[in-house]
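Next, two complexes with subunit A in common: one pairs it with subunit B, the other with subunit C.
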Partner chain A sequence: MAAERGAAAEALVGQVVLPGDLLLLPAHYDEDAEGERLRLSAGTAPQGQLLCGPGLRRSGAGLLVTKCGLLRHRPAGGGAYWVDSQQKRYVPVKGDHVIGIVTAKAGDVFRLDVGGSEPASLSYLAFEGATKRNRPNVQVGDLIYGQFVVANKDMEPEMVCIDSSGKSSGMGIIGQDGFLFKVSLGLIRKLLAPKCEIIQELSQLYPFELVLGMNGRIWVKAKTVQQTLIIVNILEACEYMTAQQRKQALAKLSGN
Partner chain B sequence: MAAEVAEAEAADGRCRLRRFSCELGLLSRPDGSAAFLQGDTSVLAGLYGPAEAKISKELPDRAALDVLLRPKVGLPGVLERSREQLLQQTCEAVVLGVLHPRTAISLVLQVLSDAGSLLSCCLNAACMALLDAGLPLSALFCGVTCALQPDGAILLDPTARQEQEARAILTFAIASSEKKVLMVTTKGVCSVQEMQQCLAAAQRAASTIFQFYRDSVRRRYSKS
Partner chain C sequence: MAGEVKTKLSKNLLRMKFMQRGLDLQTKKQLEEEEKKIISEEHWYLDVPDLKEKESCIIEERSFLQCEDLVYGRMSFKGFNPEIEKLMIKMNSKCKEEEIEEDDKMEADVSDEEMARRYETLVGTIGKKFLRKRDQRVLKDDDEDDEVEEGKSNTRPNKRAKKMFLKPQD
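Right after this comes the complex of A and B.
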């Protein structure tokens, strides 16, 4: 595939790329002898450094694609390229908000299953208003919504339920009842996009509580068990339904 | 279920490949799955990973990859074990295991029907399953089987009957980056020149297979 070696990155934005494809960056990015450094120059070249996102790795003169998917580009702030891929398995990333299930209490630390390759650890002091005397009431089997402070390939992931200012801002133990289920990571990203149509249409159907974890887990709670299960089924089917089919299904349900 | 089917045929002079067909993401439990058909040979592959590894099996600097090949009938024997080793070597050469140390990646292959070129069908199914699971790869790979007939003619993608009549059967695993050879296995007797000729024919056929991969993935992403 001689033609695939070194195709221009801009030409492939929005198209499917496969692992092994080499993307060449525009000429005004690498003028140095090493070819690796990016120069900040006034004029047409964007300010800032080029960001190489998920699915891409720097290699020599360009970016090597490592996952299959659609190539995306964001021109703001120096530009960023990444690959939008569909995946089921979650890999912990620092800053992600996820839903974890408590599997063990080991002294001062809880072990949570977040769907990755290792259980994450959560200290009992990482809750809002928690002190050594005032411990949070967490049991094995509880659901916790928190974010990662440490998540890389070399260390065990660590979670907290407070943000940098010490407030919980929506994180913590998820209440009783409700239903937890798993979907693909791509659907979660779609649901978390601003002004998501699916959530707006569902909220017109019944009132419900929803927690979305970046690890593919969704927790739903509505007034009755039947309403909860209906919402669960619609969210699971959203992966395969087109917008038209979804509107038809919702119209049928609201008619009932 | 999101299932894609795509077909490709190649007429490369004398070297023809059989009809291909591929379905991605057909199993709900594994992280990645693919079913690959070459003519009448079909293999189903399921991939789990990167998952938690047993302490005895985990490697400190990269992911531990293991392959299980299940025959259509009977228990796995020595032939399956040797094929598992070949598949493991090929997969380890392309998977970027350093990004996931101390994890385990398991690939399970089930032979659904065997009508010749089984090992190359397993290689193709394994590559599609790796693509479907979203594991980081440095390149793609494909498998091509060549049969050397007693008169010296080269047949690509032989059927079971052609394999029986052949003097030698060679299977190549070829990477998408500059068509490098990742793995070769031979059964029978052939000279060095014949092997070079088979390799050249396999590399030509590999282009067709990689184009087929691209079309399958394109079809899958066009739906969402």
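Right after this comes the complex of A and C.
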């Protein structure tokens, strides 16, 4: 089969791309044309390096698409391209904040289930203010909010509950009560977008607390069980509701 | 006879530090090069041309965090958990700090001209405070000169009178 000639990356931003599509980049990113790289291009050439995000791979002439979804672009800071795809199965990535469930205690290390192919390990010293004498009070079945420090396909993922300066900054054991449920990864990213309408509308309803893990898990806690379940149902359903349907549902609830 | 025969010193002895203090730079360099040659001949190396790594401008990244601007995952609303609400403000303002730096400078309350005028007088008044006594006197005289130019002050003629020798009257 003859190789398809790729299309320019800039032309496909915001459109559906399929695995196997080749995206051509402007000449100043081309590795092969080293002599041409110094040529000043007419348009503004972004300084710095191009970020090739999830769903894309670097191949000789440009970027190769590996997942189907919408192509997104961010022009700031050297530029970034990535594919906005939908999936339910989480693959551990370094730096992601996730909710894990403690499944076992093995000596100095806790085993957490994060929804990936392997259980992650969390050392008991990776909590704020933990020393050998002062161990954190973690039991099997507890929920933990932490971030990955090692996450690649060759090794078992490792998590910690402190950041680089040694502070917990919100990570650690998630408190008592509340409700944990699973949604797709795309919804999580939508909810974590800077000005998410869903979150803003929900925050007008009742006082509640919310923890979003990048592995698709959400933990909700409100004052009564009924309120908690209402919020859970809305979050699960809002993935497939249009904005208007959502507003109607919320109006009904706040009327009640 | 003793002067003719020079005892031959071994190479190791010559390599010692106290023997090298008297040497010239050139001889030192020569010795160093010889040593390097000995070492490099012993080392094994691959007789293969160097692979030039192409400088790539593209970084591969598997995390969405670097691509999109995502908010912190823990949230609390309507005062359910005050600590988390404080944390939310802190974490989200960290991201916004970068935006604020780019903002243009704010409008000044005081215009530049007024600033310059005030500053002129300010420097003078505060500067006087730190003058030494002699300088203060000079300043005072200068001020008096400026103010009273027509009628000379009384002190001056009196001083002159004092300086001159008064002849005693017979």
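In this section, the second predicted complex is superposed on the first by the 238 of 256 C-alpha atoms of A that agree within 3 Å, B and C clash if a C-alpha of one lies under 4 Å from a C-alpha of the other, contacts with A are read in each partner's own complex, and residues count from 1 in each chain.
Just so it is clear, contacts are C-beta pairs under 8 Å (C-beta built on N, C-alpha and C of every residue); 3 or more make two chains touch, one makes a residue touch a chain.
Only a predicted model underlies this, so the values are computations on that prediction, with no experimental measurement involved.
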item	value
Combined model on subunit A where subunit B meets subunit C, clash or fit	fit
Touched subunit A residues, subunit B compared with subunit C	C
Which of subunit B and subunit C A:60 touches, first, second, both or neither	neither
Inter-centroid angle subunit B-subunit A-subunit C after superposition on A [Cα, multiple of 10°]	140
Which superposed partner A:240 touches (first subunit B, second subunit C, both, neither)	first
Which of subunit B and subunit C A:52 touches, first, second, both or neither	second
Partner chain in contact with A:68 - subunit B first, subunit C second, else both or neither	first
Contacts of A:186 with subunit B and subunit C, given as first, second, both or neither	first
Partner chain(s) touched by A:169 [first = subunit B, second = subunit C, both, neither]	second
Superposition-derived minimum Cα distance between subunit C and subunit B (Å)	11
Residues on subunit A lying within both footprints (that of subunit B and that of subunit C)	57, 91
Subunit C residues within the subunit A interface of the complex	54-81, 84, 87, 91
Residue numbers on subunit B that touch subunit A, as the complex places them	1-2, 31-32, 49-53, 94, 96, 99-104, 131, 133-140, 175-178, 207, 210, 213-214, 217-218, 220-221, 224
Subunit A - residues contacting subunit B, complex	1, 4-5, 16, 18-20, 55, 57, 64, 66-70, 85-89, 91, 117-118, 153-154, 186, 239-240
Complex interface listing, subunit A residues touching subunit C	25, 28-29, 31, 34, 49-54, 56-58, 63, 72, 74, 80, 82, 91, 93-97, 145, 169-170, 189, 192-194, 196, 199, 202-203, 206-214, 221-223
